[in-house]
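Labels A, B, C, D and E are assigned to the chains in the order they are written; within every chain, residues are numbered from 1.
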Amino acid sequence: ATAREQIQIAGSSTVLPYASIVAEAFGDNTDFPTPVVESGGSSAGLKRFCQGVGTEHTDIANSSRKIREKEIAACAANGVTDIIEVRIGYDGIVFASQIDGPAYTAFTQSDIFNALAPKVMVDGALVDNPYTKWSEFNADLPDAEILAFIPGTKHGTREVFEEKVLATGCEATGAFEAMMAAGMSEDEAEDACLEVRTDGRSVDIDGDYTETLASIDANANGVGVFGLAFYENNTDKLKVATMAGVEPTTETIASGDYPVSRPLFFYIKKAHIGVIPGLKLFAQFFVADELAGPDGPLAQYGLVSDPELAATQEAVANEETMN
Amino acid sequence: MTDATSIPAAPEDGRRKSSLRTLDARTRRRNAAEKRFRFYGLAAILVGLFFLVVLGVTIVRSGLPAFTQTVVSIDFTLSEEDYAKAEGQLFKTKAYEQIFNAALVTSLEERGVEAEFDAKAINRIMGKPGATIREHFRANEGDLGTPVQFELSAASRVDGYFKGRVTRDGFVDSRFLQASDLDLVDALAEAGIIRQAFNWNFITGADSGVDNPGGAGIGASVVGSFFMMLVVLFLSLPIGVAASIYLEEFAPQNRFTDLIEVNISNLAAVPSIVFGILGLAVFIQFMHLPQSAPLVGGLVLTLMTLPTIIISTRASLKAVPPSIRDAALGLGASKMQSVLHHVLPLAMPGILTGTIIGLAQALGETAPLLLIGMVGFVARGYPDGFIAGFTEPNSAMPAQIYTWAARADVGFYEKAWGGIIVLLLFLLTMNIIAIILRRRFERRW
Amino acid sequence: MPLLWLIVAVLVVSGAGYVLGRSRAVAQAGGDTRALHSLPFYYGANVFLKIVVPAFGLLILWLLIQPLVVDRVVSGTIPADEVREGSSIGLVMAEVTRTAKGMTNAVAEGALSADALRDGSMDPEEVTQALKDAGQVVTSTLTAPIIEAAQLRNRMSATGSVIMSVVVMLAALAGLVWGVRESAPAFRARNVVEQGIRVMLIGAASIAVLTTIGIVLSLVFNTVEFFRLYPASQFFFGLEWAPSFSGRGGASDLGVLPLLWGTLYISLVALAVAVPIGLFAAVYLSEYASPRMRAVAKPLLEVLAGIPTIVYGLFALLTVGPLLVSVFGDGGMLGVSWQGGGRAVMTAGIVMGIMLIPFVSSLSDDIINAVPQAMRDGSYGLGATRSETIKQVVLPAALPGIVGAILLAASRAIGETMIVVLGAGAAARLSLNPFEAMTTVTAKIVSQLTGDSDFASPEALVAFALGMTLFVLTLGLNVLALYIVRKYREQYD
Amino acid sequence: MNDMRVIERDVDVTETKISARGVQVYYADNHAIKDVNVDIEDKTVTAFIGPSGCGKSTFLRCLNRMNDTIDICRVEGEIRLDGEDIYDPAVDPVQLRAKVGMVFQKPNPFPKSIYDNIAYGPRIHGLARNRAELDEIVERSLRRGAIWDEVKDRLDAPGTSLSGGQQQRLCIARAVATEPEVLLMDEPCSALDPIATSQVEELIDELRANYSVVIVTHSMQQAARVSQKTAFFHLGNLVEYGETGKIFTKPEDSRTESYITGRIG
Amino acid sequence: MNDMRVIERDVDVTETKISARGVQVYYADNHAIKDVNVDIEDKTVTAFIGPSGCGKSTFLRCLNRMNDTIDICRVEGEIRLDGEDIYDPAVDPVQLRAKVGMVFQKPNPFPKSIYDNIAYGPRIHGLARNRAELDEIVERSLRRGAIWDEVKDRLDAPGTSLSGGQQQRLCIARAVATEPEVLLMDEPCSALDPIATSQVEELIDELRANYSVVIVTHSMQQAARVSQKTAFFHLGNLVEYGETGKIFTKPEDSRTESYITGRIG
C-alpha cells in the first residue's frame, strides 16, 4: 500500500464544523491536500483512532468530551500510546425558542428542572410532575404548554445538560434533598435528578440541531437546546433565553459566567506526526490565533475561543503527549 | 351417475332469461366490487403519485435556489507587494480577503455609491473569496498588477436576501448582517455590482467549510457516487443474478439451500450501518483498502444491494412457467442453456426492477458510508484519473446532502435540497436505461 | 506492478488458449462442427477456464498464504526483549511490516539506497530518519532487530513473489497444454464448462453466506463484551431503554423490549400503508392500466424509492406530523387527544409506507405480469370479473414473488433510521398508542454507534448487541415467511 | 366410411341464440376472420370445422368476447346473443361470459386443487348456498366431465398434476359447473381416448336439451355424430353453414367438399 | 370400419433401440407406471395407446428423462438406449435428449419468433455452419412440420401467436430440426385437421427410414396407419405390446380387445 497523502480525521459532529473550516483553510493556504474530516461521533472517532497505528487508521480524533481512561487503555492495547490532546475552545449550550413564540426569555436551572423532571417539589413534597404549563411553577414564564427538545442520549451535550442544568436545578429546588430524605443513596439521588419526564413533554433529539430547529418550527411552544454557534447562525428564527440571568455570548461563556458550556478537543496520534504529510502543521494551524483566536473564523462562526489558547499552541508545538 | 345424466333445471330462472343489459343483483354486486377494486388500484397509484408530486414540489421549490448564487462582480487589481505580503502570512486567504475588501471599499467610494458603509459592512456582505483569488493569482502570476474581473459569491445572508429567504421585516441584526447592510446591498445591486448568477460552482464544485456556503458544490460527490455506483452495478448485478440462478435452478432442494435462502432474505433486513461496520473491518482494516474511497463505499453498498437483487431475481425466476424449461430441455439443451437462453430473458423485467430499486437504495444510502469515512467534510475536488476515482477520498451525494442539512447556515439547507434535485436527476438517468431495457423484455405468455 | 503484469500475462495466455482450443477441436473434426460433441465455443471456453482457474486460484492462495508464512518466520527471529512491556509481539510485527513496506517505498522513491534492503548493519537512526523523510509511517526510532526483521521480510516476500510468478505462469501453461490436448471432438467440453460456470454460480451464492458470517463476526465480539458489562437478563427483559450519557455505571437502563416493540409497531404501520397501496398499484398497473400509463407510472413510483430518506424524514417532521396532530391531537378535528406531538409511530409509519410503495408495487407488478395469460383466460371464460380473477387466480399464483416483495419492504422498514428519528422520535417507549413517539432498534444502533459516549462503555457497545438481536429476530421472521410461501405456493403451468 | 353417417336427430327448436353479422377480426394486420355471418341456434349443437389456423378458435372467442383480453385483436361487426349486441358498451362481458361458457383449446387448469378448480365458477356466481351443495355441484360436474372416477380420491391434488386428457376433462367439468346457456368448446376431445370422447359427446348431447353448444373439432366423425349444424371455415371465411347432414352429404361449396372428402380420419 | 385396416409394411430392421425393463414410476405416492417391460425397435414407429391417464405420457417422458424435471417423480427400473442405461449417473441427460427428441402433449412454443423457435435446437447443437444453412434447416423443418406455407411470411411473429394446431406443428418442426435418433411424440396430431394430420403422418413415415419414432395417440386409426408396433397401456400397466396388425386384429388380452372394440372413432 502506498502512503496516504491526506490527513484523516474522524469524530464528533460538534467539532466537525470547526474542523471543516480549518480543513478548508488548510487546503487553501498550504500545498498539502485538504484533510478529510469524517463525522460519526466522538465515540466512533476515538474508537477508530485507537484501533492502531498505520495508514489504515485515522490520525486525529475530534471529540466533544475528554477522552476517558478506559479509552486510553484501549488505545494503548492497540499500540496507540502517544496521544496529544488539544483543546480548541468551548461550546456554549443555549435554550432558544421560536422567535415569534411565547416569551421564553429567562430561565433558571430550577425552571428547566421543574418543567422536565419526572418528580418535582410541589409545596414541599416530592410528587410526580403535575405541570403542563411553564406559568404553573413560575409566574414570570409564559402561559404556554411545556414542550422541550433536548439532546438525545447519544449526544455529549446531554451530559452537560444533565450535569449543569438538571442537577443544579434538582438541588436548587430541593428535590435532591427530598430524595435523600426519602431514603435514596447519594448516587441514586444524583441519578434520579438527571431523569426527564417521559410523557412526551420532553422530546429527545438524536439528530442534529437542524432537527431541533425544525421541531421548534413545527411547534410554536417548543423550547430547544442548541449550541451557541448554531443559535448565532439562526438568530432570525430563534430567540435565546438567559440562564440564571446571564445571556449566552462568547464573552460570558469564555469568562465562565454563563454556566452551560463544555470544552471541545481533538487528539493527535503522535506516531503519525512527521509521517502523514502536514499533520503537525495542521494541528498548529487549527489552534493558531488567526483561526482559533477571538477574531478568527472559528469564533466568528460561534466557537468560544479558549482563553488559554497560547498554552495549547505551545503544547502542540512541543508535541506534548498526555500523561 | 343418475344425477349426472339428468339435466338439472335451470338454477335461477331469472338468470337464464335475463338480458345482458339488465344486471341481476348479484352481478351488480360483483360489478360494484369490480369497480371498487379497480378504483382502489387507481387510487393506490394516484396516492403514490400524489406523494411523489408533493415531495417533488417540495424538493424543487426548496432546491432550485441552490442553482443560483448572488455574486459580486468587480475588477480587482492585486499588486505584487500585496501578493508577497499575503503569501507571507499563515492565514493567506484571509489576507487576500482583507485586501480585496479594502479594494472594494475604495472602488465603491470612487464610484460614489449612495449608501453608508464601512469596511466591516463590506466584510459582512462578502463571502469567502480568499481562496478563489489566491488560486487565480497563483496560477496566473502575470495578472498581478493588472485589473482582473472576478465574480465572487456574496455572503450567505446577502444571497438569502436576494432569494427572499431574508426579508427586511422581522430582520434581526446579527454580527453576520445588519439592517443597514441591506441598503448597501440594494445600492450595489442598482449599480450592477451585485447580482444573481447561475451557480456553476454548485454543479461542478466540491464541499466547502461551514462558514462558506457560497463555495459549496455537489460536483465532486456526484463523481464519488458515480464511481460507487459503477462498483455496485458491476458487482451486485452479476453476483446477484448468478447467486439467484444457482439457488433457484441448480441448488438441490435441501435444508442447506433453505438456510442460504433464509439467510439472504435476512441480509436484506440487516441495518445498513452494520454493513458499514463490516466494511470498515474487512475492507479497510483487514484488506487495507484506502479510507473514504468510493471503491470501499461501492463494495459495502454492493453487499447491501445484493439481497435486494437476489430476492427480486429469484422471485421472477420462479415466475417463469416450467413448460418453457421443458421445451428447451426436450430439445437437448442443457439446464444451463435453458436457463441462460430462455428463463433468464423472461425473468429480466424482475431482475431489472430489483436493480433499479437496489441501486436507488444504494445511491441514497448514507449510514454505511458514515463508518468508512465518506460522510463529513471530504472536499477533495476531482480525482485525477479513472483509477484514482475509485481510490482517492471522495464523498457521495447522499452523504453530502446529509452533512449540508445538518449545518447551521440556512444557505446549506438550500444546497442540501439542491443536492437532492441533482441526486434525483442522477437516479433518473441511471434508471432510464434499466427502464427502457425492462420494457423491451416485458411480454406475456 | 509485477502482479498486474502477471495477471495480464495469464489473461493473454488464456486468450490464446481459447483460440487454440476452439480451432483445434474444429480442425480435428475436419471443419465440420456437427462432428463435435459441443459447440466450438465450449472447447475454447474449456481451455480458457483450465488456464484461468488454476492460475488465479494459485495466485490468490499464494497471496493469502505467503504473508502468513513470512510472518511466522520473521516473528521467530525477533528477540524476546524487543517486545516492550505493555506491548505485544503482534504490535512489534505490525511495526516490522510497516518498516518493511516503508523501506520498499523509500527505495522506490530513491530516498534509501537499494542495498539498504540487504545491509544488515544499518544505523537504525539513519534508517528511521530516511524513512520519515520519505514520508513513510514510523512510530518511533527503529531498532536493529526490527530493521533486520524488516529486511528479512522484504527478502522473503521478494523471493516469494518471484517463485509465485513462475509457478502461476507454469500453471497457466500447464492448463493451456491440458486444455488444448483435450480439445478433441469427443470431449464433453460443454459439460466441463457448465460445471465451471456452476461452480462460479455457487461462488456467487456463497458470497451472501460469507457476508452473513462477516456480519456475525463483526458483531459478536463486541456483543460478548457488552454482556460482560451489562447483565443479559436486563437487556432482554428490561422494560426500559434509558441510556445515561455519563456512563457512571448502573445508571443506564438498556432494555431491548421497548425498542423491539417500536420496531415492530412502526414497521407494521409502514407495511399497513405500503402493502395495500403497493399491491393495488401493482394490480392496477399489470391488469388494468394501458401500456402507456404503465410505462409512465411504474418508473415514476420507483422514484419514491430513490428519494433520499432525509427528505421523507423532513416530510414526516414538518408536514405529516403536524397534520396528524391537527386531526388526532388536542383540540384536533376529531376532538380526541390521542396524539401529543408530531413525532409518533403513525407519522413515521405512514411516511415510511410511502417510501416502500415501489418496493411492493414494482416487483409484484413484474411477477403478476409473468403469470401466464391462460390462467386469466380460464377464469374469464367462467364469467369471473377481473377482480375475482386477480384475487383468486393471479395473486395466488404470484404469491412467492409478492411475499418476496413484501419481505423486501419489511426489511427496508426495519433497517430505516432517518424517517424514524425525524418522524417517530428518539425516545423508546412501550405503549399501544400509535400516536405516541417511539423508536426502533435500528435507529438506536445508529445513534449509539455515532454518539459521543465512551466507546468501551455499555452505552456504545449495546449497538452491537442490538444488531445481533435484530439479526436473530429477523432470521426467525424469514423462516416463518419461507414456511408460508412453501405452504401456499401454487405452481402454474 | 360407414360410420360417417349423420345421425338424424330432431332439431327441436330453431330459435336463434347467437347471430353474427359481418364479423371481421384482425390480429394487428392479420385479417383472421373475414365477414362472417352465422346464426347459432338454441338447443342445438353447432360444429365448427376447418383446417388448422382457419380462424375457428378466433371466431369462437368472439362469441364470448374472450378476444378482449388480446391487446392486438380487433373485432368488427355485430354479434347478438338473444338479440342483444354483445359488443354493445352497455353489455357487461362478465355477465356475457357467465352465460356463454368456454372450454379452451389448451387445457388450462388453475394452479389450485381439483376441487377448487371446479368450485371456482359456482363460488363466484353464488350457485351454492352451502358447502354441501358445493360438494354436490363439484361431484356432479366431475361426473359429467367423465373424470370423477379418476380423481374422486384426490380432489385436493393440484389440477396441474393431472394428465393431459384429465386436464381437458377437468376444464370441461369446470365449464359445465357454472351452468352456462351457451357452451363454447374448443376441441374438447382432442386429448381424449375414445371412451372418454364418447362420454363427453354424451354430455354434449345431454346439454343440447337446454342449452346451445358450439364445438370446434377436427374430427368429421365427431361433428357428424354430435352436431345438428356445421360451419366450415376456410382461411378466415365461413365457407358453408348448414344442417350437418347436408354439409357432409351434399356440400354446396367445392372447398367444403374437398375438405370433407380429402379427409383421412 | 373399413379404414381400420392395418397397412402391412415391412418392418425393415428389428434391432432394439430402446429397451425398458421393470420400469416403475411414482409421483410421490401415486404409482403411475407399474413394472413395464418393452423393447422399442429402431427404424420403427411404435404407438402407445390407452385410456387417458393410464401413464402414456409418463412413460414417454421416462425415455428421455424429462421426468427428471418433476421433483416428486421417481423412476425405477432400467431403460437402455442402444444398450446403455440412460439412468446411469455417467450418462448426460442433455446428450440423451439431443438423441431422443420430444414433442410435448401441450404445445409449448418459446415466446420468441417462429424462426428462433426452430433455429434454437440447431444452434445449440451446432448443426448449421452459417446463417444460410440455418435458414435452410428452418425452412426444411417447417416444411416437414407441414406449417411452412402458413408461416413463411411471418417468421418473425412470436410462436405464441399461432393457432393451437399451428403451435403443435411448430413444436413438431422444432423437434425435427435437431435431427434426433429417436423422436417421442405425445399426441402430435391432437389439434390437427385431417390434412395436416396426414402430412404429419407422412413425416413420421419418412422419419422411420432412419429413426425410431414413438407416438402416443388416441386415434386407433392413426395407430393402425402409422405404426408397426403398438403398446397398450392400462392403469399404468403395459397390457399388451406387439405388431400393430396383431394388436388390432387379434389382441391377446381382453382389456386390449375391449378398449379397441369399445372404440367409437
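Note that in this section a contact is a pair of C-beta atoms (placed from the backbone, for glycine too) under 8 Å apart; a residue touches a chain by one contact, two chains touch by 3 or more.
As the structure is a prediction and not an experimental result, all values here were calculated from the model.
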Each chain counted as touching chain A and chain C at once: B
Required minimum of steps from chain A to chain D, each step between chains that touch: 2
Most centrally placed chain, judged by C-alpha centres: C
Chain pair showing more contacts of the two, B-E and C-E: B-E
Separation of mean Cα positions, chain B and chain A [Å, integer]: 31
Chain centre separation (chain C, chain D; CA means) in Å: 56
Euclidean distance of C-alpha centroids - chain B vs chain C, Å: 20
Distance between chain centroids, defined by C-alpha means - chain D, chain E (Å): 28
Per-residue overlap in chain E, given as positions that touch at least 2 other chains: 94-95, 106, 124-125
Contacts with two or more other chains, residues of chain B listed in rising order: 30-31, 34, 322-323, 334-335, 346, 370-371, 405, 445
Junction residues of chain C - those touching two or more other chains: 190-191, 372-373, 385, 388, 449-450, 491-493
Complete list of chain pairs which touch one another: A-B, A-C, B-C, B-D, B-E, C-D, C-E, D-E
Partner chain D, residues of chain C touching it in the complex: 291, 372-385, 388, 392-393, 396-397, 490-493
Interfacial residue positions of chain B with respect to chain E in the complex: 253, 322-335, 337, 341-342, 346, 443, 445
Chain E - residues contacting chain D, complex: 1-3, 27, 30, 49-53, 55, 57-58, 105-107, 150, 154, 161-166, 168-169, 186-187, 190-198, 201, 218-222, 225, 259, 262-265
Chain C-touching residues of chain D, taken from the complex the two chains share: 64, 66, 69, 71, 93-99, 101-104, 106, 108-112, 120-121, 124-125, 158, 160, 171, 174-175, 178, 180
List of chain C residues in touch with chain E within their complex: 33-34, 36-40, 188, 190-191
